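You will see two complexes here that share subunit A, one where it goes with subunit B and one where it goes with subunit C.
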Partner chain A sequence: MKKYLSFFRMRFLTGLQYRAAAAAGIATQFAWGFLEILVYRAFYQADAAAFPMEFSAVVNYIWLQQALLALFVPWLMETEIFSAIVDGNVAYELCRPVHIYHMWFARLLAHRISSALLRCAPILFISLFLPAPYGLTLPTDPLTGILFLLTLILGTLITVSIGVVIYICCFFTISAQGIRIFYSAACELLAGQIVPLPFMPDVIRRVLEILPFASMQNVPLRVFSGDLCGHQLVWAIALQLFWLAVLMAAGWRFAVHAETRIVVQGG
Partner chain B sequence: MITVNNISKTYKVAKRNAGFLEACRNLFHRDYEEIRALDHVSFQINDGEMIGYIGPNGAGKSTTIKVLSGILTPDEGTCEVNGCIPWKNRVAYVKDIGVVFGQRSQLWWDVPVIDSFELLKDIYSIPKETYQMNLEELTELLNLSELLKTPARQLSLGQRMRCEIAASLLHSPRLLFLDEPTIGLDAVSKLAVRDFILRLNQTHRTTVILTTHDMQDIEALTNRILLIGKGRILLDGSPQDLRQGYRTMDEAVAALYREYAI
Partner chain C sequence: MKRSRKREKKISAIRLYRRYVGIHIRSTMQYKTSFLLTTVGQFIFSFNVLIGITFLFNRFHQVADFTYSEVLICYAIVLMEFALAEMFGRGFDLFSGMVKHGEFDRVLVRPRNEILQVLGSKFELSRIGRMFQAVIVFIYGLLTADIDWNRWKVMTVVLMLIGGSLLFAGIFMIQAGMCFFTLEGLEFMNILTDAAREYGKYPVSIYGKPVLLFCTFLVPYALIQYYPLLVILGRTARLWYSFLPLAAAMFLIPCLLFWRFGVRCYRSSGS
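Up next, the complex of A and B:
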């Protein structure tokens, strides 16, 4: 366990090394959050009844998405691992007494959590004090809070387990560009990062809700404001557990297979 | 104790001539060439030996090191190191070995070197006392005290190399693979590294396998040489035997390469 915590510590230290990047990230997320909320406000003022989520729930969704951006955005990857595979530095990774699946899982998770921790506090804090209906509203009962945390953890683990599969693909494709671009585009749409999933047309939404993408940010961000509750919530958590198990098992098998056919590039 | 028996490894390499037309033709038809990096290599190394593993560029030196350190799986043949098959029980096996790839880096690029060391301490689960002792010893012998607080990206090649060697030894490995460890070192550092490896071998009885093109390294450090060419072991003997009749080691080795046409 300690070795995995150590990756986390290392990533956190690296994140702290670049202060300007963190500050710029926070500023961008504020601007983006306001922009989105203003767009939705215009729609809701035209006809609030036409939309599937309450305006306050949408506002919460947007602020949480901005605050926890680093946990879910598909383009946040540890690029060092890709370059290590491409230039052959992966040789060093392979002579550590840790299985690459575990190590990369830990590193990617550490990367996401530490970036999120560095950035979320200012956004959460300020959005809490914004005047209604533009601010973040906390859940009223503690159970919702606990369920939010649980689904947040599951969603993050699912995001990471897909990320590790993409790393391992790189052993076979050499360049990770293609698969990363494709995955980013697909994930942003299918996970509800551009528009929350309830806004999708019914038929499409029903299909999307079964895919692993819907188990990422869609669940926790809607649990928080009570948009997802009761029967539907139980189903969503079961689906999260299912996808996590499938993705981790598949990723592990894939990693073991890749290890036996590894070629170290460049001498 | 290392026993290598009839190990072979083949790489498939796509080759083409220069030019735009050739590149276009290559889109539809690829010519692959099979390169035999290792061709039935066998040898035995005892505990505490220092081996110089030499051969011309592309002879298969690094491939051997990668097979022995569990990174690559050979196509055929068997190999046993301290009772383990390196590529089979890789995770358990690598606890006991240290590897330095002279042309690669294992230090975290953005943070001070000491942070990388602390991470390695946790990855290898090195006990606190052992880590402190090794770190002090390595810092003194490789003259690292000024470098430890510097981010790895701001070190010169030679400075980084000294840190790389230290990083590979923090967990007191019984077996050390050095793949061209003196690349880019100045005279002082080179001597320091050599002294250090000698001492390591004498005090800890660490088995050392060294590949290099620097024949002074070989003469200063090793008492046995394995010569590999075109994937085959061609010679196994002492540096003194090899050098007989020549003024310098370099001349002797060049004559050998010509003789074997490798």
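Up next, the complex of A and C:
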């Protein structure tokens, strides 16, 4: 356990080095969040009755999405691992007395959490003080807050476990480019990063809600503003646990299988 | 005598640029799979945006008096403008690398205009993926929207494409000019580039008055999008709106001045 924690700490400290980049990123995310809210405001004004969520819930969804961007965006991966596979340095990784699955899992998780921690505080703080319909509204009861944290952790773990599967795929394809493009594009849409899932047509939404992508940011961000509650919430958490178990088991099996037939690139 | 030499120089500049483009296309074609994947990637990512618009309109049918087809025309035109600017002006977009690695020193010692050389430093053919999609969406918008076309409107579209790509090119130039002072590329500049492309899919007016004013007088996005679009859709009698994209292209002048200023302040990073 200790060795994984130290991987975690290493990655975390590296992430903290890039504070200026984080500051610039925050300004950008503010602008994006703001424009996104204005889009939904325009649609709200066009036809308020067709709105599937409360307006404040959409605003919360957008601010949280911007603040926690680093936890869920599909393209955030460690390029060092991809280049290690291409240039053969992965041999060193395999020599370490830690299994690559656990190591890469810990590293990717740390990478995401450190980036998110750096960025989220200012965005959350400022958006809390924005005037009424455009600001972040905190959940009223502590239970919602606890459930939000729980689903947030589960969602992050699911995102990371898919990310590690992508890493391992590169043992077979060598070049990561193709997989990353297709995965990022699919994930962006299916996880509700382009349009929140409730805004999608009913038939499509019902299918997407079962997929693992819906267990990523969709659940915690909607729990936060009480949009997801009661039966649906219990079901969503159960589904999150299910997907996490399946993805981690599959990833582990996949990694073990890959290890037996790895060809290390010379160079 | 003097004039003819000037003209000669201009022609050879065009020939030189064509040479640059030729080299880039040939080098891209050495990695066909990579090129194909990037192009497809460009296509898919813009496709996601399109799906997003479609889902929202499936539910709401219209936004601020604009219908689905009308928004698609707007989206397609902005996407084309951006793709063109990016295809030709990518050198400016990637300029921070050039400054950081000291490559700009080499540019300065050559007996050629530095803007031409930076433009020639990269030609992004893969943006064809975006262009391709924009054209398809545009055609779909044309077929479904209720517009009676005439020569004036066709000219308006052409002016929008010219003005828009020049405006985006200007913004790339500012972005590059900043690198003279900061070395590092600045992420917040993509509020002006990527965000403009992303949110330019809707006519600027839907974002409300303050944003419209900002995009009319400060960074003239509305001039290449919202106002001429009104002419095309037949929403306004002010036909002179068609020429506003040319006014937006004037934005290039301060960008050029800023770039010149930056070049004068340039200090090599030495590496």
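Just so we're on the same page, the second predicted complex is superposed on the first by the 266 of 267 C-alpha atoms of A that agree within 3 Å, B and C clash if a C-alpha of one lies under 4 Å from a C-alpha of the other, contacts with A are read in each partner's own complex, and residues count from 1 in each chain.
Note that a residue touches a chain if its C-beta (ideal position, glycine included) is under 8 Å from a C-beta of that chain, and two chains touch if they have at least 3 such contacts.
Bear in mind that the values here come from a model prediction, so they are computed numbers and not experimental data.
When both complexes are overlaid on chain A, the residue A:224 reaches neither subunit B nor subunit C. By the touch criterion stated above, A:45 is placed in contact with subunit C alone, subunit B being left untouched. Of the two partner chains placed by the overlay, only subunit B lies in contact with A:92; subunit C stays clear of it.
Touch criterion met: A:13 reaches subunit B, while subunit C stays clear of it. Look at A:27: by the touch rule set out above, it reaches subunit C but stays clear of subunit B. Contacts of A:195 after superposition on the shared chain: subunit C is touched, whereas subunit B is not.
Overlap of the subunit B and subunit C interfaces on subunit A: none, as no residue is touched by both.
By the touch criterion stated above, subunit A contacts subunit B in their complex at residues 2-3, 5-7, 9-10, 13-14, 17-18, 80, 88-89, 91-92, 94-99, 259-264, 267. Looking at the complex, you find that subunit B touches subunit A at residues 11, 62, 66, 69-73, 87, 90-92, 94-95, 97, 99, 101, 103-106, 108-111, 115-116, 118-119, 122-125, 151.
Residue ranges on subunit C touching subunit A, taken from their complex, read 33-34, 37-38, 40-41, 44-45, 47-49, 51-52, 55-56, 58-64, 184, 186-188, 190-191, 195, 198-199, 202, 206-208, 211.
The residues of subunit A lying in touch with subunit C in their complex are 20-21, 24-25, 27-28, 31-32, 35, 38-39, 41-43, 45-47, 50, 52, 175, 177-178, 181-182, 184-185, 188-189, 194-195, 199-201, 204.
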